[in-house]
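Think of it as A, B, C and D in the order they're written, each chain with its own count starting at 1.
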Amino acid sequence: MKQQNVDTKTNLPDTGEADECLFEYLHAEMVNYVLSSKTNGKEGEEELSPLEWMGFGVGYRIMERLTREWARFKDELDTIKFICMDLWSSLYRKQIDNLRTNHQGVYVLHDNAFRLLTNIGAPDSTQYLREAPRLLAFTCGLLRGSLANLGIVSTVTAEIATLPSCKFHVQVQRV
Amino acid sequence: MAVCVAVIGKDNSPKYIRCSDETAALQFHYKVHTSIDIIEEKLNTGNKMAADVRELFLGLLFSTEEHKIFGYATNTKIKFIVVLQSTNASLRDNEVRMIFRKLHSAYANAVCNPFYVPGDQIQSKGFDTAVMEIMGVS
Amino acid sequence: MSRTGARLDAKKVNSELFTLTYGALVTQLLKDYENVEDVNKQLERMGYNMGIRLIEDFLARTGSGRCYDFRDTAEKIQSGFKIFLGITPTITNWSPAGDAFSLCFETNPLTEFVELPDHCLNLKYCNILTGVLRGACEMVQMEVASWFLQDQLKNDSVTEIRVKFVKRLEDAIPAGED
Amino acid sequence: MVIYGVYIVSKSGGLIFNHDHNVPKVETERTFTYPLDIQLNYENKKIVVAFGQKDGIKVGHVLTSVNKNPVNGRELDDGRDVLDMLSNAENFPILLKFSRSKMTTNEKIFLASMFYPLFAIASQLSPEPKCSGIEVLEADTFRLYCYQTLTGVKFMVVAEPTQAGMDILLKRVYELYADYALKNPFYSLEMPIRCELFETHLQTLLETVEKSGISNV
């Protein structure tokens, strides 16, 4: 964030578009809400499934819009590539840095500086390593929802080794 | 102008059908169902035809003396079917495409309504309005 | 790659991400709480938490100075909407005493796709905005109250938020400004 | 050009962040023979030079190690009492290290809470209303610059008197605070800032300013 003049910004025509930072603030509030709700008072693992579920809905819906002007996907890999490149760069400012697959339905999406982690994690920092999964549950759901709407049923989990990088594991369920 | 517009879900069940002439509804429903099979066929032609069906617009599905039936399938496996009158002068290709673009964008908006549960019947004023426009009634 | 589709507009997509995420939150709250009033309250509370942080972002970005008049405040709030939501609400209906005004919206990214179902007529869908206003103003030592007078989601022609000055939070005013 | 440190005081007057950037280290180590010609006192949990300033060892300096063993309070790690050792001729000659005492966190918190009313007094002294309060505090060895935001958070930087552009630096620190503390969902307002990312960015900022001046940030 650099200092900006009010004038330059207010003179632009109304875009009707929300500023990028709002999503981050809203997301943080949603994480807090889910953690503080009654089911999370108990001991044990944090219950993050509402976040995952909200992400699912968002992914499912946003896909309907994003693929509107897009030629039909050739296959599964084509779809995953769309997610890594186009979806990711418009949602999270950059593409997925590395995509691996075993060609049997397992995809590992590696983001070296995930947007929701870049404000908390210094490179190679171990601070917040324990809390950070809270910030990924929504995106796991978003991925799962996006894929689901494109006809790929999957489970998505996230893994963090060092901030601010993380990996999303997509396991496609074959029927 | 379109005389019937239908949205078919991933499971091939109709999520929305509207006809300009409700008394002839049954006849249109029948046409829509026939179209579903043709669309499925077009999409499942295997890899040989893949290049052709990469476009979302599927073109003319079939025609009768009175009507021409066009199809469109989204990346998310939703199908749109539009029935136009054969006598209609405005049957140029890009006009038909335009109709589907409008429909698709109205559908995407309806899906983004947080209160719409994906897979349910579409009950949306916004979508109704768009369909009415396509059918030339207001 | 031989993609025929156009590139996605990242700014637009991001805005839609926010819109849809907010929608997902509202429906989640409706699921979690039996009472719609509680949902309204929770949205307000979350807005407050966002407002107390958002204000520093606003100040650091705009470098704007302190308001000594509520009309000043109204303009700052207006420019806040411009910066964060990309819309410029009109400021109208000033109270004779100059301590209350209305913000009127023609459009609003939060409600871009929303059609309220009949069982949610008591829901204040955008109530998070009133919370943001309260939180942000409180941080600059001003207590305000705000509420919806009209709502396009309920078939009004515009959405109108009434903002009322309550008091200056004298205790919290930093040294040198009183 | 040297910046000594950065402090952030919350609107209720509590120190929520401090960063020692470039505090000059003054250390002197030498061998002493019996009897010790420096008078030492135990105060505030430290062994302090009370009288007998010499060879760079000044009154107020703290005894930090004995024969290379660090001093904790008045004891060595093995539990021996340092003052007892120094009164016993058998332990000599002995190697003692003295250094200027560093401020403890508690002392910093205390000083920050003292600055708060000082700032308020300064703004009351103003003949005109709406005074900025203390912006610069000047001494022969340093200058303290302070910037208070509209929300009442105070940002302070202590630097060499010749260091220019500190007012701009403070605004940049404010932006870092908005970006890396407030946007960090795990940071709660008014609480001490323990965000590594904030610290690393601050560190980089300070180093850049020292090396290439304020115009480069």
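Here are some notes:
Methods note: a residue touches a chain if its C-beta (ideal position, glycine included) is under 8 Å from a C-beta of that chain, and two chains touch if they have at least 3 such contacts.
This one's a predicted model, so the numbers in the text were calculated from it and none came from an experiment.
Closest to the protein's overall CA centre, chain by chain, comes A.
Remark: among chain pairs A-B and A-C, A-C carries the greater number of C-beta contacts.
For the pair subunit A and subunit B, the distance between C-alpha centroids works out to 32 Å.
Centre-to-centre separation between subunit B and subunit D, using Cα means, comes to 72 Å. Taking each chain's centre as the mean of its C-alpha atoms, subunit A lies 25 Å from subunit C.
Taking each chain's centre as the mean of its C-alpha atoms, subunit C lies 42 Å from subunit D. Residues of subunit A found to touch two or more other chains are 1, 3, 21, 25, 27, 32, 57, 61-62, 65, 70-71. Counting partner chains per residue, subunit C has residues 4, 16, 19-20, 22-24, 27, 53, 57, 60, 112 touching two or more of them. Across the assembly, subunit B contributes 55, 112, 114 as residues in contact with two or more other chains. Taken chain by chain, the contacts fit none of the simple shapes, being neither an open path, a ring, a star, nor a full set of pairwise contacts.
Within the complex, the subunit C residues that touch subunit D are 52-53, 55-57, 59-60, 65-66, 139-141, 172-177. Residues of subunit D that touch subunit A in their complex: 171, 175, 178-180, 183-186, 194-197, 199-200.
If you check the complex, the residues on subunit A that touch subunit B are 57, 60-65, 67-68, 70-74, 149-151. Those residues of subunit C that touch subunit A in the shared complex are 3-25, 27-28, 32, 42, 46, 49-50, 53-54, 57, 60-64, 79, 82-88, 107-110, 112.
Those residues of subunit D that touch subunit C in the complex are listed here as 11, 116, 119-120, 122-124, 126, 130-133, 148-153, 171, 174-175, 177-178, 182-183, 189.
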